[in-house]
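In what comes next, chain A is part of two complexes: it sits with chain B in the first one and with chain C in the second one.
So, the complex of A and B:
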C-alpha cells in the first residue's frame, strides 16, 4: 500500500522550526476566531441565566437597558423613582404573586447592598437558601453565594458605591447581621448583600413603608400605600403568562415602563450578534490571509524539495505518491494547527470568561461547541484544498529536469 | 535483458538550433557484466541512463526489457517497473537525511503495492554491504557508507538492472575501490550493471566500456571478465 506518511513526517522533522511556526500561527488564528464565537455564546447564556428569575421589571420611564443593568446586573447609577398613584396601583397589583420593590444606593467593600423583600430572595435563590435563613427583621441581611461575609457577621453599609462610598455616622451606622446565604444565581447578586427594603428606606430617611402603628420588626408586604416611599424599580412575578403580558401592557404608561428582561437581552444580543459577525468576518479574513501566507511558504519549501521528489520518481515512486507526500505535509500542518486552535480557543475563552465573570459577577461558562469545531473543520477543509496547489505543481514537474538541477 | 533500439533524442535551447543528444542505433548491456560508459561532461551519459530507466521518453526508438517496450507501458506501470526491475545509484547518494539507513533502504516499499519482502531485508542488505545498522540519521555515516546505503536501497526488490551515474565521484579512493568491488559482485550475480563515469578506476573495472560523443555510442574497449 502506498504510504506517504514516513516522508511527509520526515519533511516536518527536517523543517521542525518552520513547521512549528506554521502550526502555531494557524492555531492562534483559529483559536482567536473560535474564542470570539465561544465567548459570545457564553455571554448570551450567562446573561440569560442571570435574568431568568426576573420575570417583569417595572420602573419609571427611562432606558430599559439601563434599568436592566441596574436591577439584574446591579450596576450603579441614578434612576428615576416610581411614586404616587402608579406605585400604589403596582403594589396592590392582584395579577402578581409578588411585587418586590428594589432599593439601591449602598455598598459594602465594593459589593452592592440591595433592599428588597423575602419573596424575591427566595425566587433568586431557587426557593431555598443555601445556608441559614432569609432576613426576618429590618436589621438582618442575607448574602449572595460569593459574598465574603459569613452568617453571624455584623457590618455597617456604606452610602454610595466605590470610592464615593462612605460611612454615614447616623443612619448607616446601624449594624446589620448576616443570617443566611443564597444559592448561586449566576448573576452579580451572588456578590450582593440583600437587606429588607425597610432598612434601605430607613437609613435614607425615607420612612419605613409601614403605617404609624408598625411594630418595628415585621417586614415585607403589605406596605402602607399612602406613606410608602418612591422606588427605583420593582420586580414583578406575574401569576401566569397571560398576566405577564397583561401587566407589561398595563404599566407601559406615561408614568411607568414595564419590560421583560429577556426582551432587552434579545436586543442586546442582536447588537452583540452584529459585532460577533463583524469580528468573525475579520477573524476569517485573517485566517484566509494566514493560509495564503502558509501556502506561499509551502510553495517555497516544495521548490527546495523538487530534487528530492525527482529522486523519488527515479526510484519508482509514482506521481500520485509524490503528490500525496506534498499534500499530506501541507494538509497535516494546517489540520494540526486547526485542532490545536480549538485548544487555544478553549484556553483563551476560559480565561476571558473567568476575567469577565470576576469583573461583572455574571457566571460565564464558555465551552467549545459545534460552531467552533465547524470553524476549525472549515479551515482544515480549506487547507486540504489549498495544499493541492503545491502538490499539483510537484505532480506536474518533469523528473529529469529536476534531476539535472542537482 | 535491457536493449535500446534506434534511440534518437535532441534538445533545442531557446533561440538556438536543435542539437543531438542521443543517436544510438542499438545498445544492449549484457547481464552478468559491468558495462561502463565514458565521455566528457554533457556528452549524454546521464541522459542515456534516464532513457534506459524509463524516465525520459526518446523522440525515436524504443527501450525493451525482457521483450517489453517500457515506453509502451502506462506511466504508472512504468513507475512500478522501474521500482521493481531497476536499481538506480546517484553520484550524491540522494538519501533522505531525516531517515535511518534501514528506513532509506526500505523507502521504496512505501511507494505502492510491493511483493512481500522478507522481514529485515533492508537490514540484511546493509549488513551484507558492511554498513552499521543504527536508528540514527544517515547523515551520521561516512560518504562511503552512505553510498553503500544507496546501493542497498537500489537492491531492495532484487532488480536485474543496476544503473549507476558517477557513483564514485563523491568518494575517496578507498571507498571508490570498495564500491567498484560491490558493482562487480552484483554483476557476477547475473545483473546488468551499467555505470556512467569519468573515473578511470571504474572504466578499468568495466567488462565493456563504451564512449559517448555527440550522442553517438562506440565500444571503446573490451576487457575480459
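So, the complex of A and C:
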C-alpha cells in the first residue's frame, strides 16, 4: 500500500489555518487539565516539605489549621497563650529533645520577625547554618535563606505586621544585628528574621523569661518557669519516634492541644483533592466537548474532500489507502494537540507555582509527571478511535455516487 | 449487649483474658477500657486503618501486637512526615499510660494489610489486642466510611 502520510500532510498544509486551530484548542484543553493535577501535586509536596522540620506543635486549644498557618507558614493573626501549670509542665517535658517557644508579633519591611531558641533554628536549617552562626545574645538575629538582610546589618523591628505595622509606626527601641543565615527550608521561614525569644519578650515588656539573677546575655533554656510569660505555641522535638505519639497524646488536654503538621495537612489535602477532582471533571468534560467539536469539524472537512477522494479511488487508490489518509489526518491533529498540551501544562503550572511561591513563601516546584502524560496519552488514544469515524464514512462511500453527487 | 454472650463464650474457649462488653463498642480487660473501636471501610485486598480510645485505670501497660482474622497481617503504625512525604511507619509496641490514650487518624493506628473481604460501612470485624499486663482481648470494631476521621458514636 502507498504511504498515506504525504497526502494527509498535504491536507494539513492545504488547511493550515483550521488545522492549527484544532491543534491549539486541543493543546489548551489538555494543558489546563494537566496543569490542575500537576499544580495540586506541587502544593501537596511543597506544603509537606515546608512542615517537615516541625515535629510536634503544642498550643492552647483552638483551630489546628490556624496554628499550622501561624507556626509553619507564619501567617499573622491572634492566638491564645499557654500559661501557668500547663506551660511549666511543657517546658520541663523530659521526653523532648527540646521545647522551642515561638513568639510572633513583629515584622521588618513586611517580613515576619519570629522569636524562638537556637535549637529550633538548627533543626529548621538542617543541622547547621548556611552562613555565620546562630544568635548567641538577645540582640542578635539570624535571617532566613531568602531574606534581603546580610550579616552585619543592624535594624529595628516594627511592632505588628503589614498595614498594622505601617499605621502603628512603632519601632522597638532595641536594635538587632544579623549574625547568620539559615539554609533554605522551603517555608515562609526563608523570609523571616529569627531572634532570641528573650528579645521578643523584652521588647513587649513581658519580662526576660529568666530569674532576677539573669546575666542579661545567656539565652535559651532553661527558662525561669515561675516568671516566664505565656507562649502562643511551642515546637516540641521528641527524643524518639515512640515519644512523639506519647507527647501528642499527653498534651491533648483541656488546657493544651498537640498535633503533627502532617495530620492537618492530610485534612487540607483531602479538601484540595476534592477541589482538584471537581476541577478535573470540568476539565475532562471540556476535553470531551472539544473532541466532539473537532470531530464534527473533521466530518465537514471530509465531506468537502469526498469528491477528491472519489477521484483518487477512480485513479486506482485502494479503499484502505483513502481510509488511512483520512484517519492519519484526524489522529495527527489530536495527537499533536495532546503532546503540545503537555508543554502548555508545564508552562502554565510553572507560572502558577512561581506566583504562588512568591505570594506564600512556600517553595513549589511543579513538574509534568506520569499522571499528566497518561492524560495526554488517553486523549490521543481516544482521538485514534474517534478519527476512525470520518475515515470509515469515506471508506464506505461508493466511488460513483461520490463522483456524481458534488 | 448482644455480643457479650458470644465474647464470654470465646473467652472460655481460648486463653484470652475474659473481655466484657459493658456497653456497645466498649470493652474492658483488666484495668483497660477500650472504647469506640472503628475501622475505615476498604475494598477486598486493600490496606486499612483501625482506631480506638483507651482508658487505663492501672499502671502503664503496653500494647504489644494486634491480630486481625480478616487481614493478611496487622501491625501498629504511626503517621509520619519524612522527606516531605506523608505516610505511616510501623512503630512496634506502644506504651498505654495511665489515663486516656487514643489511637486516631492524626497519630497512631492499627494497620490491617490486605483485608480478605470488603469491609462495608455498618458491619463489624474482630481484632485481638495483646497487652503486656491486661493480656489478650478481642474487640468488635465498627466499620466507618473510608474517609472518616472519628467513630460516629464517639463523644
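One rule holds for everything that comes next: the second predicted complex is superposed on the first by the 396 of 406 C-alpha atoms of A that agree within 3 Å, B and C clash if a C-alpha of one lies under 4 Å from a C-alpha of the other, contacts with A are read in each partner's own complex, and residues count from 1 in each chain.
Assume a residue touches a chain if its C-beta (ideal position, glycine included) is under 8 Å from a C-beta of that chain, and two chains touch if they have at least 3 such contacts.
The shown structure was predicted, so the numbers you read here are calculated from the model rather than taken from an experiment.
Engineer: Should the pairing of chain B and chain C on chain A count as a clash or a fit in the superposition?
Structural biologist: With chain A as the common anchor, chain B and chain C both fit in the superposed model.
Engineer: Give one of first, second, both or neither to describe whether A:242 is in contact with chain B, with chain C, with both, or with none.
Structural biologist: After superposition on chain A, A:242 lies in contact with chain C alone.
Engineer: In the superposed arrangement, which partner chain does A:13 touch: chain B (first), chain C (second), both, or neither?
Structural biologist: A:13 contacts chain B only, not chain C.
Engineer: Scan A:321 for contacts with chain B and chain C and give back first, second, both or neither.
Structural biologist: first
Engineer: Does the superposition put A:48 against chain B (first), chain C (second), both, or neither?
Structural biologist: So A:48 only meets chain C here.
Engineer: Once the two structures are overlaid on A, work out the angle chain B-chain A-chain C from the Cα centres, in steps of 10 degrees.
Structural biologist: The vertex angle at chain A equals 110 degrees.
Engineer: Touching A:265, do we find chain B (first), chain C (second), both, or neither?
Structural biologist: A:265: touches chain C, not chain B.
Engineer: Based on the superposed arrangement, let me know which partner A:4 touches: chain B (first), chain C (second), both, or neither?
Structural biologist: The answer is first: A:4 touches chain B but not chain C.
Engineer: Could you tell me if A:285 is touching chain B, chain C, both of them or neither one (first, second, both, neither)?
Structural biologist: Touch partners of A:285: none, neither chain B nor chain C.
Engineer: Can you work out, in whole Å, how close the C-alpha atoms of chain B and chain C get once everything is superposed?
Structural biologist: Checking C-alpha atoms only, chain B sits 52 Å from chain C at its nearest point.
Engineer: For a test of understanding, state which residues of chain C touch chain A in their complex under the given definition.
Structural biologist: On the chain C side, the touching residues are 78-86, 89, 91-92, 94-95, 97, 100-102, 105-108, 147, 149.
Engineer: How about chain A: which of its residues touch chain B in the complex?
Structural biologist: Residue list for chain A touching chain B: 1-4, 6-7, 10-11, 13-14, 307-308, 311-321, 399-400, 403-404, 406.
Engineer: Which positions of chain B touch chain A when the two form their complex?
Structural biologist: Contacts found on chain B: 46-47, 50, 53, 55-56, 75-76, 79-80, 82-84, 86, 88, 90, 92, 94, 96-99, 103, 107-108, 110-113, 153.
Engineer: Give the list of chain A residues in touch with chain C in this complex.
Structural biologist: 45, 48-49, 51-52, 241-242, 244-246, 248-250, 252, 259-267, 269-270
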